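Presented sequentially are two complexes of subunit A, the first with subunit B as partner and the second with subunit C.
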Partner chain A sequence: MTSIEAIGRARATRRLNPTVARYLSAFRTTRGIIGLTLLGILVLAAVLAPVLFPGGYDQQGSTSLTGMSAAHPFGLDEFGRDILTRSVYGLRIDLSLIFAAVPLSMALGMVLGLAGAISERLGEAVQRLFDVVIGFPGLLLGICLVAVLGPGWLALFLTILISGMPTAGRLARAAWLSQQSREYVLAARVLGVPKPKVLTRHIVPNAMDSIVVNGSVWMVIGVYIEAGLSIVGLGVQPPTPSLGVLLNNGLRFVTQAPTYLIGPALILVLLALAFSLIADALNEAVNR
Partner chain B sequence: MTRFLLRKAPSVFFVLFASSIIAFALPRLAPGDVAVVLAGENPDAQTIAAIREQLGLNKSPVLQYADWVGGLFRGDLGESFLLHRSVASLIGDRVGSTLELAVLSTLFVIVIGAGLGIMAGSARIGWVRALLDFTDSLFVAIPSFVVGLGLILLFGVFNRWLPVSGEVGVLQNPAIGIQYLVLPSLALALGPAAVVARFIQTEMATMRKAEFVDLAVSKGASRRRITFRHVFRNSLGSAVVAVGLQVGHVLAGAVVIEAIFARNGLGQLAVTSVQSRDFTVLQVLILGAVFVAVVCQLFTEIILAALDPRIRLGE
Partner chain C sequence: MSNPTVVATAARPDSGRALLRVRNLRTEFKVGQGRVQAVNDVSFDIHPGDVLGIVGESGSGKSVTARSIMRMVRAPGEIVGGSVEFGGEDLLLLPEREMRRRRGSGVAMVFQDPQAALNPVMTIGDQIIEALTLHGTEKRTARGRALELLDQVGIPDSGVKIDQYPHQFSGGMRQRVVIAIALANDPVLLIADEPTTALDVTIQAQILRLLLRLREELGLAIAIITHDMGVVAEMCSRVAVMYGGRVVEQGTVEQVLRTPRHPYTAALLAAMPRLDDERLGQPLPAIPGSPPDPSALPPGCSFAPRCRFAEDGCRHEVPALLQVGDEDQLSACFVAQRGVAVNVTPAFDPVAVDPVAAEPVPVEDVLVEHRTAVDTDTVLEVRDLRVDVGSRRRGLFHRDPPVYAVDSVSLAVHAGETVGLVGESGCGKSTLSRSIVGITPVAGGSVEVDGEDVTSMGDEQVARIRSSVQYVFQDPYASLNPRRTVRQSLAEALSLRGLRGAELEAESHALMDRVGLRREYLDRYPHAFSGGQRQRIGIARALARRPKVLILDEPVSALDMSIQAQIINLLEELQRELGLGYLFIAHDLSVVRHLSDRVAVMYLGRIVETGTAAEVYGDPQHPYTVALLSSSPTPTVEERTREQIVLQGDLPSPANPPSGCRFRTRCPIGPLVHPERTICAEQDPELLPRHNHQAAACHFPGELL
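Here is the complex of A and B:
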């Protein structure tokens, strides 16, 4: 029985794309397992929020600003709303932002970074544009976008999308520059393999590892961008909760009810920790 | 030096030019007529006409841009149509607060960064090294606002040692002012300091393997002398680069930190001008921030060259 299972498992792994198998091997290390479990719990809670907290995030009560209690682990806010409920609903917004923006950001950045393959001049031009994006320190880009679009999900999404692109773009370009003159790439081109295929077969796999690791780091940065902009009041707008909105509100009542701030901050830290562990595990796996 | 600056000039100018275009375009990209957008809520026809006149909105965009940039070069930063004050006076009122914050944070970055870096770079006991590594990784990973929230809880709520909201000018009242300044500066500085420490530690580890260190050991130089005279001194270059690069981060983090600690600096001015859609103020702040970041980077490279005669600028 066990041997049959083992064969089955061996077949299953053999059928996997070796690159994917390598990424998956990250989740057999301790860090990877802890990170993935933590992320799994948070994602599950966020997805199941309407089931777990059927009352919704806006249910007000008569008591307000209480500390921790068994019924309300993070306490109640200034309108008597349960802060744990609001944190989990807030998590939904943060997760939807980063899961939408970061993979797209990495993919677009990679494509733009490979522009040098079409013409060297175009590649250079794209890099100069990336310089400009990097030249806008921190939340400045977000501030510009909010000024034009108004605060909200779209502005946050675009901020994360645009500010992540240069990192992926530079990694892709580095792979292109280092591999384009290698013998195997030259051989492929001499054999008449069309350029797009050379890129997808030979260059992209070389860039993929570092971009995947970079992407998992950017998941954390994405959450920080949301929180930062929402704390100053330019992100998600209340009464809709996001982790940043809750931190902003919690800060206002920090002396009366410190758990108001601690609860959402704890969730934020756990989320960041989960992605950091995953990033570490992936980094180890691709460099093994 | 001149040759270095000349070589650097095109890319610096491009970044500044592109940022000025972006800043210029902001109110024009926002939905609605520019003059109406700039006039704020419930404007009367007269105000709108006056703004249209003043900004020359009937002219072509190229001319408008030239006028605006020309004004900046002449020191005319424009006027806030919402607050009926010149942008220069608005910035002048706030710049002191941000400057205080930036100066103390930079000091913290240098002192804490170098301190942690040297300790981690010369620690021999296993668990001390591990502890320092852990501290480093922690502060590299968490953003300034989380550090700020932690400091508020630790020193302002659980222990009421320091004020966590508001500010007092350090120049007017040094004793009180510094109390308001310590926590926000620390919050801004710890992350960059950890990055600087990392740089120094790595560089020192490489330096320790150098032959001149072996020579110093064989000559019987003391550990302390080797650490400071031979290893750290040769790692200074990368330390300077690290500090220089981190100054930009300090400034960027100021936006959130000022909000958290309720300080009335330039970051807050930027936030309120976005909220009230006061674009003439925002444009100048954005361009100013990019300008400062670019200048910091240039200075870093110049100082680096001055420190290390092997690096010749522009050759």
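Here is the complex of A and C:
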């Protein structure tokens, strides 16, 4: 083998897989860059929280419920704790929740959605199961889970996990149904490629596009589910902060300290914005 | 060509009377940072009563030319120069309001896809009336005029049809409606952009007929944009051949088809298989390489990299379109302009071509005598096959009645033999082929591969046997997974044969060599290839399983004209070397003629005629075969005068086939013309032998010639 050919091969293998390349192209658009930067800052702050705020989130002071000031940009809460500190620690909880629950939810949803490949009946049955989950509002599902498991991280995790699955499953099934009649899938079948291989090689990669986009949308919904459950007191329990818990407290003191809400709400909005921008950019990239 | 006066004199001596004068038209598309010249310095005239054919392959700029005339080029496209004179004014300079008034009443356009051109939620009557009232017809009189138009384009029961929706019409009828809308405001020029490409040959013949009749009756001038030289030969009085955004040759149809003066036209005509081909068993003189990418045109003549006459000058300077030979035949070729005849069929010799731009073409100097009798082993045998495509939807309480898209079909393919399967879309030929390879379930009958019945086997055995029947798909763009490299696509097939590592590598190299692709291409993704190259990859993948039979489902019909011959040659070469049996499905009768030893003609789920290719083409027994042969356009001027048999109506639905003979509702010798022939409606004709190998399912075989 000549060296030129060898070089050519090496260069070719280093060339990116087109699927990955497409996802990455999302982060070359303005929207993608802004979203990713925003998310990066938030994640960095959350990860570095113990370094940035070495005192922890439960450090109480003598004054309470002050407004915004230079020393405490988001103000102090009812126990004299710095709301900025608590917001960043709260962000840790939220990010840990969605980064754990959403990808798993999407993956499980996709697997269940493709159940039709095993048997048509099983596929139908799973879809009806999804109907049931969709029939429950996310909040109601959360309340049921809390009743069984008690409030806390686990109940939130499961709520997000379960409520995210049906959309991923539907998308995967739609992709499976449409891919089945594609000529390259037929070509694989004529070659005699075993069914599971056809699924993993030709169908799953094509289902990924919509599921990746959907996943980034669900990151936002996950944060809202956490906030929703925490606002009614069924989320993370005090003194541990989460964005939802902080909003809940802020609502209680809204007459005494109207600025209490602003800090945590701002972080929540920024987080949602970051994921929305990323989802948008990804959506554009996969449909390009 | 910067001097417009030269063009004016060169384009046509008597250009004073021209209805439409296009001069130095340029249209560009902005793509990324660059600009793509889609239409480059195009000039031609259309005279009253002319039928001008604008022919070219994909990317040649023919459709953009048509849209530029109508000023319907959308961003990022832009007309950047030239003039389009119509009725004494330059259409390109008119304000948009004025232009809108010209569209429809001066120049009207018919598009390729009648499905897309009609609004599905409006009745066709309302759509015609809309076209009329937009140009000032009174609402009260509009309906009457709409009825008149429907009659004019040959839609039966216009009084009923006028209140129907597009989905209630067949493709051919829809195209008639589109033509009616185009005619609504008495245009003097009709531009038809591939008006019959989406239609079957028998329907195409109807529509072409209609256009010619309208030209006579209304004194229309027509410009037909097409890729089909046959349509040009049948329809046109003048022709402009486009290549790489420029007109490379222009003249009357007789001039261009008889004595082409541009190497591209000449090579293209020589490379096309014909119905009356005498070159059977010989490779076609294919044009090497593929049509140029409009965004990366060569600096000189666009055709130079593929041209066997190309000289140094051709690669640096663009030749002007100048008069060559007699009267007003124009050619943009330096060589032809010097008086060299470019239309002599070459003694087939390899052409020095740019290795990057061109696809290698296997060169075959051995003439193989045509095979007629086939005494080899039967590798594929289909007996009384029925395929039900109706009862897929089953509810809880009911099951849809069966619809047999394939109804009792029997055929056999021997090793080293090509069986051509022809028929219109909807006749069941694709369903048949797909059920042979097991994609579509079989409702009855048997499929035997290599003497073993696969319909009654266990899964594992079937998988083993079935691999010896492989499939090449029509659309080379859809049949390759865009996310997998060629290497991965081939490895998928090869690994099923148990090959691994170095063995697999060696075999994929061998496959690439075999189909005439470079080994370095293995790591590319499908989007990096042209249509012809992709089809080569599709063939390589099918060969990877070492099949004995290849089912070729319209393997060349999605390819550009100049590429088709390459693939046809490749298929012939592979068959010779590997002794493959082919089941070749196509609607293009000349391609089937060139490749096939035996031919089966299918109509509405049944085979109506079989025989050797020579028999079926030379002495067709079934009236449907006769009509098919008569309807397919051939690129020769001599054929223009022949009497055409144009079938009436459309293919009936297989859900509700006619009683007795299925063809009787359209048959030119059946009860339609001879009411006393009740046998056609009462008895289903059997496929009975006529001559040696020939059999036809008709009560009155051989009557129509």
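Here is the rule we use: the second predicted complex is superposed on the first by the 274 of 288 C-alpha atoms of A that agree within 3 Å, B and C clash if a C-alpha of one lies under 4 Å from a C-alpha of the other, contacts with A are read in each partner's own complex, and residues count from 1 in each chain.
Throughout what follows, a contact is a pair of C-beta atoms (placed from the backbone, for glycine too) under 8 Å apart; a residue touches a chain by one contact, two chains touch by 3 or more.
All values derive from a computational prediction rather than experimental measurement.
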For the three-chain model obtained by superposing on subunit A, do subunit B and subunit C clash or fit? fit
Looking at A:Ser119 after the superposition, I want to know if it touches subunit B, subunit C, both of them or none. Which is it: first, second, both, neither? neither
Between subunit B (first) and subunit C (second), which does A:Ala187 come into contact with in this model arrangement: first, second, both, or neither? second
Given the touch rule stated above, what does A:Ile231 touch, subunit B (first), subunit C (second), both, or neither? first
According to the stated criteria, A:Gln60 is in contact with first (subunit B), second (subunit C), both, or neither; which is it? neither
Rounded to the nearest 10 degrees, the Cα-centre angle subunit B-subunit A-subunit C in the superposed arrangement comes to 90
Going by the contact rule stated at the top, is it subunit B or subunit C that touches a larger number of residues on subunit A? B
Touching A:Thr200, do we find subunit B (first), subunit C (second), both, or neither? neither
Min C-alpha distance, subunit B to subunit C, superposed, in Å, is 6
After superposition on chain A, the subunit A residues reached by both subunit B and subunit C are none
Which residues of subunit A touch subunit B once you look at their complex with the stated criterion? 128-129, 131-132, 135-140, 143-144, 146-148, 220, 224, 227-228, 231-234, 247, 251, 254-255, 258, 261-262, 265, 268-269, 272, 276
For the complex, which residues does subunit A have touching subunit C? 5, 8-9, 12-13, 15, 17-19, 182-184, 186-193, 197, 201-202, 205-206
In the complex, subunit C touches subunit A at residues 434, 437-439, 463, 466-467, 470-471, 473, 475, 478-484, 492-493, 496, 519-520, 523-525, 538, 541, 544-545
Can you tell me which positions in subunit B touch subunit A when the two form their complex? 11, 14-15, 18-19, 22-23, 26, 29-30, 141-143, 145-146, 149, 152-153, 156-158, 164, 248-249, 251-253, 255-256, 259-260, 267, 270-271, 274-275, 277, 279, 282, 286, 289-290, 293-294
